[in-house]
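Look at the two complexes coming up: chain A is in both, with chain B in one and chain C in the other.
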Partner chain A sequence: MASKYIALPKGVSETVFDTAISRFREILGDTAVLTNAEQLAPYIKTMMPVPDADHAPSAALLATTVEQIQKIVAICNQYKVPIWTISTGKNFGYGSAAPVERGQVVLDLKRMNRILEVDKDLAYALVEPGVTYQQLYDYIDEHQLGLWLSVPAPSAIAGPVGNTLDRGVGYTPYGEHFLFACGMEVVLANGEVLRTGMGSMPNSNTWQVFKWGYGPYLDGIFTQSNYGIVTKFGFWLMPAPPAYKPFVIQYEHEEDIVEIVETIRPLRISGVIPNAIVIAHALYEAPVKARRSDYVSGPGAIPDEAVRKISKDHKLGIWNVYAALYGTQEQIDVNWQIVTQAFKQSGKAKILTEQEMGDDPAFNYRAKLMRGDMTLTEFSLYNWRGGGGSMWFAPVSQARGSETLKQMALTKQILAKYGLDYSGEFIVGMRDMHHIVDVLYDKTDPAQTQAAYQCFDELLTVFSAQGYGTYRVNTAFMDKVAETYGPVQRKIHKTLKDALDPNGILAPGKSGIR
Partner chain B sequence: MNMAKWGKNLFILISTAIFVNGHAWSAPPDTSPQGFAWKDSAEIYAKICAYCHEAQVAPPIRNRSLPPEYIRAVVRNGNRAMPAFRASVIDDESLAKLADFVSKSETGY
Partner chain C sequence: MDKTRRNLIKGMLTGGTLLALGVPGMAPAIIVNPVASGSVHPSRLLLGNTPISEVFIKGANAAWAAHTHSQQGLLPIAKLEDILFDNPAGTADLLRQPRPLRWIAITDEAHAAILTELIRNIDGRLLALGFHIYSANDALIPLRHRWTTASPAYSVGEKLATMLIQNQPQFSIVENFLEKPVVRNEDEALPIAGFSAYRSTEQDVRDLHCAGLPPSEANVLIGEKTAHSWQPRFSGTSSGGPDVPKLENWVEMTSFALVTTALGINSHQTSCTSRAFVCRSNQRNLHTEVFAGTHFVSFIFDV
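Then we have the complex of A and B:
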């Protein structure tokens, strides 16, 4: 007899699952427990090159309170039902809203979405998991709080809790999001509720202002992990500066990345340029302005000549360095002097500001991102190939020119082997760079989908063999990346898992941990 | 000071403290037990759809008399690079109204 479910959790019979579902319904009500195919359709679509069925959930639970979540974990423990928690559920290119393993129940916290506090003077927020950046942006605007967010490129529809828990990035001076996280509330697998750091102490009013608390710092173990369900999350906001000056510096050759990075690093480490600068390749920017099919047809990666032609036609550099200055006008004037002097030295850089680039769509959306505004323009990337396939390849690099050139060349060479283009950028930390490459492919084309899978696999193999680790990965490759970090770390992760979640009910498989 | 008067003064003191707290230190916390809810279709359109469909990222969808059922299906299932939107993001009732709004829309939003 056909099952009434579209999938079942691993090792759980339909009869046992029936019981678990009816218990979930007692807690949440019928309308907040989704099991039919139509209701679950939006949880199934991913951009990964594997059958969506491999990541189909068995059900979704729409919880809104801590008490409900405590009761849910009790049922999960009783019936050994695994749950996959999402907050705003927009983890595109990393697995979207689908679970890491087929049959897991999605715990969808989108409707748990109160903004609990925004403190104007201390410049922090405390929010529930379902709060989107747009919701917070509107709240700050409505209450005239004079604070800026730092957002990832899907800004409006994503949210600070899920993004930061996956250690995501934005583009303001607060761009390395987890650095600015301060205090979490976590429901543990045994139903206990932990408040991290200063939040552990009754009556404390320093939960959102001091990160470390007392004793071992715990917040880190709840990021990219499956040790708990985060139900409240504190983080710092940037006071809106009196003046803001976004700019782009264009270079004409791929090898120029060496000069770019060597020039930027001292400016970034010393804080002259304070934000998470992006060094974007022409092919990352081109989709905002051009169509691939206007320049190339047939199989194979786009040739360098075509890329040069695109950048000429559309006023792009082969590298485009987006950065900004923040502060009073006087501070900006002084720093602008330092920046322009540094970049003018070799005569290769073209320095452009809002004055020259005001109407340019690529510049405009970057300028928005560097001040934490809402935009989804970066989704243009998906018009490049069409077909909706995407995986982020995200190795970490030193902020050293020779290293970035080496990583770029290696990535490009492996992509080309599979007929795929290098749509890459480097997001500049102080000493590191997130090398972010959108592995774009047409998911409606089975051959290209298979090539994309093999290509990604090879990228991970080759990079890890050279000592380059990836900072984050989609759910189809989590075990593979966990392997690359070696057996000792894996064992520690497992030891923690066994201690905190002995029945393995929380997202087994996340980051390769079960 | 008799107790009643003292109680009244205390009340004034506390409410002043709340007032000062609310305005000088922080914005009043959102205490609505429901959390966020969409105001209307125009808001959903502006804060989700328009970022792509009015920004040359995705094709225009307004003024094309697209059937509401089609719009609802694409929102729930996604379409190639267009993400799928869950009922927890846009509830069924709001989606029905949004589909009509997009389908029938004429000018501005």
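Then we have the complex of A and C:
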């Protein structure tokens, strides 16, 4: 007999699931409990090189209140139904809105989207999980609060809660998002509601201004984890600076990454360049301006010669350093002198400002991101190869020139072995660099899909063998990455899981924790 | 500007849609013709920024003309251009009104990722999502269609396969159906002209239609990891080709098949969880060069 569900949670019979679903309906109403294929289809599409069916949810629940979530977890405990929580659900390249394991119920908090508070003077916001960056941006604009957001490249459609909980990044001086998080409200698996930090104290008015509270600091354990469902989230906003000067510095050779990183590190650590900078390879920027098929056809990674031609044709460096200065005009003038002096020394850098770049589309979207504006231009990456396959490979590197060169060369070599291009960038970086590589492949081509899987697997194996850890990964490879951090960390993660969620109802499998 | 078009744009303006789109200098979405009503779903074509839009419209109009009454006019069209990058919220507003409406959309991959999410955001129903790619020298089977559809009712593959086999030497179509169907009798569907049919019932029910190659090879070409035991399904001679107007190339054929399905005109239902059509024969003449290196994504969704 055909099942009425497109998937079932692991170990849960259809009869038991029927009961759980009717209980969910009692709480949320019929229209907020999605079980039919047409409604669930948008939750299923992922870009990973595994069948989408492996990550198909059994249902999606659209909760709007904390009380509803408390009741949902009670039902999940009773029937051993696992839930996968998403806030805005735009985790493209890391698993999108789909659960880590087939059959998990998606708890979609998109309708829980109230902006609870934005304090102009103390420059913070308290929001619910469904709030998008666009919503907040419009709110700040409408109320003329003079505050800036820091957003990831999917800006408008993503949101601060999901992004920060996955330890995502943006490009302003507040770009390392979790550094600027301050206070969470979390529904625990037993239904209790915890407010972290100062939020635990009744009548406290310092929840969003002092992170640490008293005793062990807990916020971190609710990021990249499955220990709770975050229902409110506080974070700091940047006062809009009186002046802003974005710029790009172009270099012509891949080896120049050494000089770039050595030059930029002291400027970043001393705060002369305050923002989360980007050192983007030509192939990361090229999709904004060109298509791969304009330059190469046939199998294999794109040759260096073609990359050089692309950068020449489209006024890109092989490396493109995007950074910005913020403050009063006087501050900017002083810092600009320091920056230009440092970069001019070797004679290799081409320093270009907003005036020189004009309406260059790559520069424009980077300039928008560095001031927390909305733009989705970076999605052009998906047109580079076509076929809808993408995974972020995200190892962490020291902010040391020799290390970044080594990581780049190693990544490029492994990608090339599988016929894939190096679309990479180094970002954030004071003492570290997030090395972010979009492993783009054609998911309609079975051979390339298999190659992409093997390639990603090899990247993780080789990098971890050299001591390079990955900071974030897609849901198909979470166990593998968890393994690379060793048995003791895994055991601690599991101990915490067993203590906080003994029935394993919250996102089992997230970050390899069950 | 004709009166209908002017009124519709005016309607959109007063309804706030264009205002909501509100990005200076941005090409607004243009509705060319009124929405049809009657026997087929009220539908609109939504064109993202792909280079094949004009060709796609030809196929879509051919399907519309073949399946609707003449008084229903042409298939209404909304053009998105780059709106999705600049103003996704405005696009969501555009999709939401008027409702209920069935949208048939094509976009590039970048916009497709965003559109899929907008459909989820506005509580839309995604009936079929297809990836279509012609990659000149890159693969064993250069022309590939990969669909995920909510159920076999939104299957496009069979109609498309019957058209493509007449002028494409190598192609594959893979369809995954999310809803598990009720398995019916062996003779539920007719044989498809030019293909030999096979079924595997090992785990789920899977159908495979091969032209010019054995199922074991087709199995590999569509990326099946397990070597299924494929049982032949139909004996006897197959039925003739489909009754469709003359179409020039695979893009037109794809749009014809897609719009036909979207309008609710689905010839045969099937009771499998996935099915594939794989054709590999080098004897036929082609018109593929023009679309070498082309890729786009198609959607059928209800709002």
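In the analysis below, the second predicted complex is superposed on the first by the 514 of 514 C-alpha atoms of A that agree within 3 Å, B and C clash if a C-alpha of one lies under 4 Å from a C-alpha of the other, contacts with A are read in each partner's own complex, and residues count from 1 in each chain.
Following the convention adopted for this analysis, a contact is a pair of C-beta atoms (placed from the backbone, for glycine too) under 8 Å apart; a residue touches a chain by one contact, two chains touch by 3 or more.
Keep in mind that this is a model prediction, so the values were computed, not measured.
K.L.:
After the overlay on chain A, what do you see for chain B versus chain C, clash or fit?
P.N.:
clash
K.L.:
Looking at A:478, would you say it contacts chain B, chain C, both, or neither? Reply first, second, both or neither.
P.N.:
Once the two structures are laid over each other on A, A:478 reaches no partner at all.
K.L.:
Applying the document's definition of touch, where does A:182 land relative to chain B and chain C: first, second, both, or neither?
P.N.:
Neither: A:182 stays clear of chain B and chain C.
K.L.:
Check the residue A:387 against both partner chains and state whether it touches chain B (first), chain C (second), both, or neither.
P.N.:
A:387: touches chain B and chain C.
K.L.:
Applying the touch criterion given at the start, work out whether A:128 contacts chain B, chain C, both or neither, answering first, second, both or neither.
P.N.:
first
K.L.:
So in the superposed three-chain picture, is A:318 touching just chain B, just chain C, both, or none of them (first/second/both/neither)?
P.N.:
After superposing on A, A:318 lies clear of both chain B and chain C.
K.L.:
State whether A:39 touches chain B only (first), chain C only (second), both chains, or neither.
P.N.:
In the superposition, A:39 touches chain B and chain C alike.
K.L.:
Per the contact definition in the header, classify A:149: touching chain B only (first), chain C only (second), both, or neither.
P.N.:
After superposition on chain A, A:149 lies in contact with neither partner.
K.L.:
Which holds for A:277: it touches chain B only (first), chain C only (second), both, or neither?
P.N.:
Neither partner.
K.L.:
Now for A:370: first (chain B), second (chain C), both, or neither, which partner does it touch?
P.N.:
neither
K.L.:
Tell me which stretch of chain C runs into chain B once the two are superposed: 58-66, 76-84 or 274-282.
P.N.:
The overlap with chain B comes from chain C residues 76-84.
K.L.:
Would you please give the residues of chain A that touch chain B in one complex and also touch chain C in the other complex?
P.N.:
Looking at chain A, the two contact sets intersect at 38-39, 41-45, 47, 89-90, 92, 97, 110, 134, 156-157, 375-377, 379-380, 382-383, 386-388, 443-444.
K.L.:
Report the residues of chain A in contact with chain C in the complex, numbered from low to high.
P.N.:
For chain A paired with chain C, touching residues are 1-3, 6, 36-45, 47, 51-53, 56, 89-90, 92, 97, 110, 134, 156-157, 291, 293, 297-299, 375-377, 379-383, 386-388, 442-450.
K.L.:
Show which residues of chain C lie in contact with chain A when the two form their complex.
P.N.:
The contact residues of chain C facing chain A are 84-86, 88-89, 108-114, 116-121, 123-127, 129, 131-133, 135-140, 144-146, 148, 150-151, 176, 178-183, 220-223, 292-293, 295, 297, 302.
K.L.:
Can you list the chain A residues touching chain B in their complex?
P.N.:
34, 38-39, 41-45, 47, 60, 62, 64, 88-90, 92, 96-97, 108, 110-121, 128, 130-131, 134-135, 139, 143, 145, 156-157, 361, 374-377, 379-380, 382-383, 386-388, 390, 443-444
K.L.:
Which of the residues in chain B end up touching chain A in this complex?
P.N.:
24-30, 32, 35-36, 47-48, 51-52, 55-58, 76-89
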